[in-house]
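You will see two complexes here that share chain A, one where it goes with chain B and one where it goes with chain C.
And now, the complex of A and B:
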């Protein structure tokens, strides 16, 4: 016989969760009196952007490592935007969007990285 | 995604999440952004493969002028900050402050698009169009798709401004502002990668 289940509150759901998967998706809301985190995020994004600009314009490193460094700065800034401005951990109940976000970044990096990799063998295809 | 919540937990949530249907809409908008990452991922892949195929046309180093690009970057970063302040004001229930930040975001976005169009026209004036080389085809479609997104966002913000004026901050308009801010920050992230991988990378020779 099927039985109608009582809906769980968030806290009950977390407490029942043995493998801690739900803890990873537990929502957190931004609640401050003054937009300190937004201002710090803005200053941080300016520093990262102009930092990358001056690194390139002053040719401080050899080309390949320079590209690696500015790409790392871009990834840091992307993470900053997602964490600070996009409130990625906000959600009603569980912040499910985090799962497909991880997945799509994996796919996108694979797509770009493997395209570059396969075209290194140009002599074989042209 | 929603779980059944006790009433006192719902009371603590911001408007756009307290309403169950609107909160599902926000999750749905995240799914749209995930697919948009794939669109830009494909365009970045194409650019990565084609970026040295100059076909007698100008090279990236010859073509790109960093002045307008830095201006565009500054405008877009600042607009990302102002819409962040807009959502902050919305959470405090300050309708007029929200409308001010939204309007400022639109103006900064319009400044970005204007600078970009000016840049593209100056390329066309020296014969560097998307017919010229595979590099320029990939460049125009990648940067152009981003610019089209920003342009669409400006008109979207305009409709939100009118709705705010008419209805104020409700669960529905709050969700629309929230998803617009997600969209706008997402475009900022895409621009950071265009700035790094297209423009700065073009200057590394």
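And now, the complex of A and C:
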């Protein structure tokens, strides 16, 4: 359709008893016949998980680089989950997601960072 | 006789579940079960139960189911509490052997927090949040039902532990190495971990659901700053759940791996680190205590403005302080393990951040007081709980700040002073808030009022009983009595205070009996609520008839200001003057058995894994996967409620013009 649809005002939406008519809030979704991306993403997340598992179990790396690699795998895993399974690019557009994403990073990094800080005292003991 | 039968018997019924009292309870349970089966069959209620309740996705019915579960669990947790107090009043007798005492304090704490307070809070969320925001249901009704059944089957799994296999006994915090396989070989701790993982999945889903509901489902015109305060508290609690439960699930799963699959995340051997469990647990645990209290801040805000006949004082400040509490509560968890010795820098940081939380909390207290200031206060039961909450919670908070002083906490930690602190905030804040909300919204849920006079009896028993129980415990803490003790010598100077405390616990037991009597009496003879607005309320749920019809709003209201229903009443408007042509078909979620079956499958998984009966666990897993697949490919998840049906319902309620 060439004509631009005007968003309804609140009162018009009300008169139609249809809050989905509030165009400015209506989310957009990708719809596909077959969820190729999700299946690839699932396989990818399994690879990342088992990769970390075998790195730890088989002691292929010295501890410090092991830690770095695992953290990197974790970040990749997080990005994959948010991108593929949480559909970050859909909905009302990426701009709407930025603030919540910042919050998530703030809290998650805070938790991980402070936990490392708290547990550091152990490194002198054991 | 096949040879595995004796093995089965000894696994499922070890000596720890063959105490005389437990055998008596077994007998009672079996008799009650037979009676219930007979009753249901005789009155032909099975179909009704299945159609109306087990398969429902209606948020109002799910609320009722949460409520029933919560009250049953309050009973179970209360019995545990009375048993603990009895032993402590009679320290020289073996009212309970030490091992049983451990099991009882563990189940008491776990049940009260995870299976009483949480479902009670979700009961209130489900009962009123969609009504308050002018919605027809929550955002994901089917997921809502799944949350309920995951919680319910988790609770059942936890509760059967004391008749089959033996209860967990490592405290509600389940620290290693108490939970390590080497020290605790029975199935009890497996029950704990699996039940909490299953119920925790349900809770996480509830968090997502209500976050989306409050963000996306509000009626047109209801901006964030026009939301009722209870909706704000729901939104914030949901956000807290979303971030708090993953660390718990991880910690529980890792402990379970240590027990079942020989990993060593938290064992002392092979490089495990038990302290990491403590860190992860409280990473969840401190936000959890705010999950337990913020919803009740919302309840109190609604109750205080309704019964003072005034707008809530300082609404924006209330919102900001609640948000501040939410953020700060993520930065304080180390105060639960100052004595671990992470060093002065860490302890000082977390001591200060803990004290900071008292500031926004204090702001809220003043706002409630100023709301009452100059108002016309009605002393209903709901309001009495609010009035009792303020001093109780203030004292609890003050003792919390004392605990946050690190050097002092080295003395207070794990003493009865700590026990008194958190009961002060949890009973004074959470329980009083839940009961306040129960009395306030009961007419909306069930269509009749709870009798006020009986309610006041229960209230005074709770309030007085609470102070008699917990004031002595502060003193006991200062005299050096530590938590989780089952005996002590009489000459320590602790005995008198313990007897007083037990006496108070008996009063609280009487209060519970009075509460149940109040509920049953009111269900039978209670004053019917014909107006739908018995308290002259301010928010949208009171614009609807009680009990609310399935579709909630025949027409979605438009909101122009805060306290929307109050403003409509001031302008002489109502939602009961609908014109027939305004009513349209409504899309409603369709009932489905999948949530129930999913919960049941998870129960089978949990039971199988608890006893390492792998074939059973695998069967359960297959059930889980089938449920998820069926649900994913089930496109018939809603139906259209015809306008005619709505018209005739509204007409029969006298809400239709012409």
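Points worth noting:
Everything that follows uses one rule, which is that the second predicted complex is superposed on the first by the 72 of 126 C-alpha atoms of A that agree within 3 Å, B and C clash if a C-alpha of one lies under 4 Å from a C-alpha of the other, contacts with A are read in each partner's own complex, and residues count from 1 in each chain.
Quick note on the criterion: a residue touches a chain if its C-beta (ideal position, glycine included) is under 8 Å from a C-beta of that chain, and two chains touch if they have at least 3 such contacts.
What you see is a predicted model, and the numbers here were worked out from it, not measured in a lab.
Once chain A of one complex is fitted onto chain A of the other, the partner contacts of A:94 are limited to chain B, with no touch recorded for chain C. In the superposed model, A:119 lies in contact with both chain B and chain C.
Judged by the touch definition given at the top, the superposed model places A:35 against chain B, while chain C stays out of reach.
Greater residue coverage of chain A by touch, when chain B is weighed against chain C, goes to B. Of the two partner chains placed by the overlay, only chain B lies in contact with A:77; chain C stays clear of it. Shared contact residues of chain A with chain B and chain C: 10, 13, 107, 111, 115, 119.
Interface of chain A with chain C (complex): residues 10-11, 13-14, 17, 19, 22, 107, 110-111, 114-115, 117-122, 126. On chain C, the positions that touch chain A within their shared complex are 219-221, 243, 247, 273, 275-276, 279-280, 283, 330-331, 334, 341-343, 346, 555-556, 558, 582, 584.
Of all the residues in chain B, the ones that touch chain A in their complex are 1-6, 9, 13-14, 17-18, 20, 23, 26-27, 30-31, 34-35, 37-38, 40-42, 44-46, 48-49, 66, 70, 73, 77-78, 80-81, 83-85, 87-88, 91, 181-182, 185-186, 188-189, 192-193, 195-197, 200-201, 203-205. Residues 7-10, 13, 29-31, 35, 38-39, 41-42, 45-46, 49, 52-53, 56-57, 63, 66-67, 70-71, 73-74, 77-78, 81-82, 84-87, 90-94, 96-97, 100-101, 103-105, 107-108, 111-112, 115-116, 119 of chain A touch chain B in their complex.
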